[in-house]
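Step one of this worksheet: look at the structure below.
Chain naming follows the written order as A, B and C, and within any one chain the residues start at number 1.
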Amino acid sequence: MTGGARIWALHLALVAVLFAALFVLPTYHATNLARIMVLAVFAMGYNLAFGYTGLLSLGHAMFFAAGMFAMGLPTWHWGWGGGPALLLGLVAGGAMAGAVGLLALRTAGVSFMIVTLMFAQAGYLTILYFGQVTGGDEGFVVEAAARSLFGFDLSSDVPRYLAALALFALALAGCLWLVRSPFGRVMVAMRENEERSRMLGYDPFRVKLAALVISGLYAGAAGAAYGLLFGYVGGSFATIQYSILPLLYVLLGGAGTVLGPFLGALAMFYLIDITSGFTSAWLFFVGAALVLLILFAPKGILGTIRERGARWLP
Amino acid sequence: MAAVLALTAVGLNLVFGVMRVVNVAHGEFFMLGAIGAWFVTQYLPVPAAMAWIAALVIAPLAVGAIAALADVTVLKRLKYDPEATIVATIGLLYIFQQAALSFYGPDARPVAPPFHLRLQLPWFGYSGYKLFVVVAAAVILLGVWLMMTRTRAGLVMRATQVDRETARNFGIDVDRVYAGTFALGAALAAAAAVLIVPIQQAHYLMGHDPLLLSFIVVIIGGLGSLRGTLVAALIIGLSDGVISMFFSPTLAKIIATLAVALVLVFRPQGLFGAKE
Amino acid sequence: MAALMQTEGLVRHFGGLRAVDGVDFRLEPGEIHALIGPNGAGKTTFVSLLSGRLPVQAGRITLAGQDITRLPAHARVRAGIAYTFQITSIYPRLTVFDNVALAVQSRGAADIAAGVAEALGRVGLTGLDAQEAGTLSYGHQRLLEVAMGLALKPRVLILDEPTQGLAAGEIEGFKALIRSLVPDTTILLIEHNMDVVMDLADRITVLNFGRVLAVGTPDAVRADPGVQDAYLGGHHAAG
C-alpha cells in the first residue's frame, strides 16, 4: 500500500533528521532535544489514552514517576545496572496504570479526571511520606555506575542523545503501528461512539484498560529514561504539573496524531525555556497557552493541518 | 477552619450544581481574595478594623467580577463542555497564580485582624477572632441559603440547575445566570479567604490546600447538595485536626485524597447527592 | 424445531411504568419475525433486553438453549446477536470502510478488506469505502448500519424500525436484502410499516402495554379481533 509506505517514510524521515541534528546542533540545544524526545515519548503515551481513546486523565505524572522511581530506587539502594532498571521502570508504569485503571475506569468523563488526579496526588504524597527511602521532594542523584547502557556512558552528551533518540524512534514506531492496526481502530471507535462499539461486540472496559496500560508503559519508560539519562530522580516529577504537561504537549501538537506529541513537546519546551529566561512566572504562559489552545485550537497544530487537507496523516 | 472550609466548598458546589462544571481554579479565587484583602488593608488610609471590613466587602466583589469576566470570555465560549472547562480552568489557575506572583511577590504577608480578643474559658483560651470567623461564616452561609430558597434570584438559579433547556424556554437568560453563579462562587471563596487571612498569611500559593479540601468536601458530601457539603465540611474540618494529632499531616492528606477517589468510584453521589 | 431464541416471563419496568410485563417469546431459526404494536407498547424496550442494552429485572432469555440473561451486551454480540439502532448510530467521523471494518474485526475475520467488500456489496454501497460516513445520505447511513450488522455474520439480526425514513424504492431494495439473508441469519424486526411487515414476515408477535397480544402468521394476526381492536383498527388489511 503506497499510502502506508509514504506514512512510514515520513516518520522515518523525522528520526533521520533528529539523528543528523546531533552533529549540527550546539550542545545546549542537543541536550534540550534529548530531553524533548524523552518527554515526547511520555506525551505519545498520553496521546494514546487521550487523543485516540478519549480518556482524559489528569494523573499521568504518577505513571511517569512510577517508572522513574522503579528505575532509581533499585540503582540507589541495591546497585542495579541501567538496563534492567530501565525495563523495570517500563513495567512499573504499565502495572501502575493497570492497577489504577481497574478502579478509575469504572468512572467516566469528569469523574475519571478527578479520580486520576486524586490517585496521582496520593502517589505524590506517598513519595513524600516515605521520604527516607525515596528522597522525597529533594530527590536523589542517580548512581554514576548505573548510568551506562551496553558500555556507553549515558552521562556524556553523544551517547545520551543517541539513547534518547533510540527510545523515541522505538516509541514512535510502536505508536504508528498501533494506531494503524485493527486495535487502533477500536480505540478510536471507543472514543467516537462507545455504545455502538459495545453493540459491535467490544468490551469498553477491556479496551480502555488496554489503552491505559499501554499509555502507562510509555510513561514509565519515559520516566525511567529521564532519570537515567539526566541523572536525577525526585518527587517533583509526580506533581500535578507533570500530569498537565503531556496534556499540554498533546493539545498543542494535535491530539490523535502520531507526530503531534513531539511537535507539542518541542514547541512548549522552548516556549517555557524562553519565558523562564525573563520571568519566574513562566507558568503564567503555560496557563495562557492552555486557555488559548482549548478555546481557539482544540485540535492543535497537526490536528488542524489534518482537518484542512492532510486526511491521511495518522 | 471548618467554617471557612464550608464557605469555600459551598462556592465550589454552587458552581458545579448550577453550571455542571468543575472549577479547578476555585482555590485561586480564594487566594485572590486574601491578596485583595492585603491590598485593601495596606492602601486604605483608615484604621485597621475598618480597613478589614472594607476588604470583606471589596475583595469578594472584585474577585466575583474577575470570575464573571472569566466566565464570559472563556467558559461560555466553550459551551461549558465538562472536559474542556476543566482544562481551561487549569489554565486559569496558572494565570491567576502567576499573576499574583508577579504583582504581589513570592512572600507571605500578614494582614492585621480587625480586633484582638482572647476569651478565657475554663478549658482553653480561644481567640475571640476565631469565634468571630465561625459566626461570620455561618451568617454568610445563612444568607446564601436564604437567597437560594427565598429570593427570586435563588429560584432562577435553582431552576437553571434542574433543567437548563426548560429554564431557557421560560425566558431565563442562562448565560447571565451562569456568570452570576460563577461570580457568587468565587466571591464566597474570596470572603472565606478574607475571614481567614488575619490568622494565616496571604501567599500566592495558598490556593492549593483550600482547593483540595473543598474538592474533598464537595465530593464526599455529594456534588450539588448544599446540605451534604455542610455536613462534610464539618466532618472533615474537625477531623482534620484530630487526624493530624494521631498521624502526620502527609498521611492524613493521603487518606483524604484516596477517600475522594474511592468515593467517586464506588459511591459517586457522595453522602447526600442525588444520582445523576 | 428448537427455538433459536426464547424468553420466559421477561419483565422490565421504569419506576411505575411496566414497559415489558411478562413476555414469553420464541424466535425460530431461519425465520423473519416481525414485532409490532402501538407506540409505547414496549417493543424497543423488549429488544433492548434481548440485545443486552438494558438489564433484565425478571425472567430468562436463552439463545440456542444457553441462558444469556446475565450476559453483558458485548458478549451477546460475540454470541451472535446483532442489533441496529432505531436512531442511526454509526461513526460519522470515520470512513465507511472503517465503520464496517470494526464489525468485521469483531468477528475475528482474517481478511478485513474482503469482509468489508462483501458486506458493502450485499447492501449495495460498494465503492463508497473512502467516504466519511457522516456525509452519506440518510438512507445510505441506514444501509451502512445494516452492513455493519451483516458484517458480524450474526445468528440473529435485530432491526429496529429499519425502513423509517427510506424512500419507496429503497424500501423495495431493503425487502429483497432481508429475503436474501435467511435462512442463514434469523431476522427479528420492529416495524410500523404494515406493508413491509405483511410482505416479509413469516410470523408476527403483537405487543401491547408490555404484554403479548397475539402471535402467528400474518393472516392469523390480521384476522385476530383483539389485534384489530387495539392496533390494526384503522388499517385495512389490503396489503
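One rule holds for everything that comes next: a contact is a pair of C-beta atoms (placed from the backbone, for glycine too) under 8 Å apart; a residue touches a chain by one contact, two chains touch by 3 or more.
Since the model is a prediction, treat every value here as computed from it, not as a measurement.
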Busiest interface, counted in C-beta pairs: A-B
Closest chain to global C-alpha mean, per-chain Cα centroids: A
Chain centre separation in whole Å, for subunit C relative to subunit A (CA means): 44
Rounded Å distance, subunit B centre to subunit C centre (Cα mean): 52
Distance between chain centroids, defined by C-alpha means - subunit A, subunit B (Å): 34
Complex contact set, residues of subunit C against subunit A: 51, 53, 72-75, 77-78, 82-83, 85, 89-94, 98, 101-103, 105-107, 112, 148, 152
Subunit C contact footprint on subunit A (complex, rising order): 182, 185-186, 188-189, 192-193, 195-204
Residue ranges of subunit B touching subunit A (in the complex, touch as defined): 22, 74, 77-78, 82-84, 86-88, 90-99, 101-102, 106, 212, 215, 219, 248, 250-251, 253-254, 257-258, 260-262, 264-266, 268
Contact footprint of subunit B on subunit A as seen in their complex: 56, 58, 103-104, 106-107, 109-111, 113-115, 118-119, 121-122, 125-126, 128-129, 244, 247, 251, 279-284, 286-292, 294-295, 298
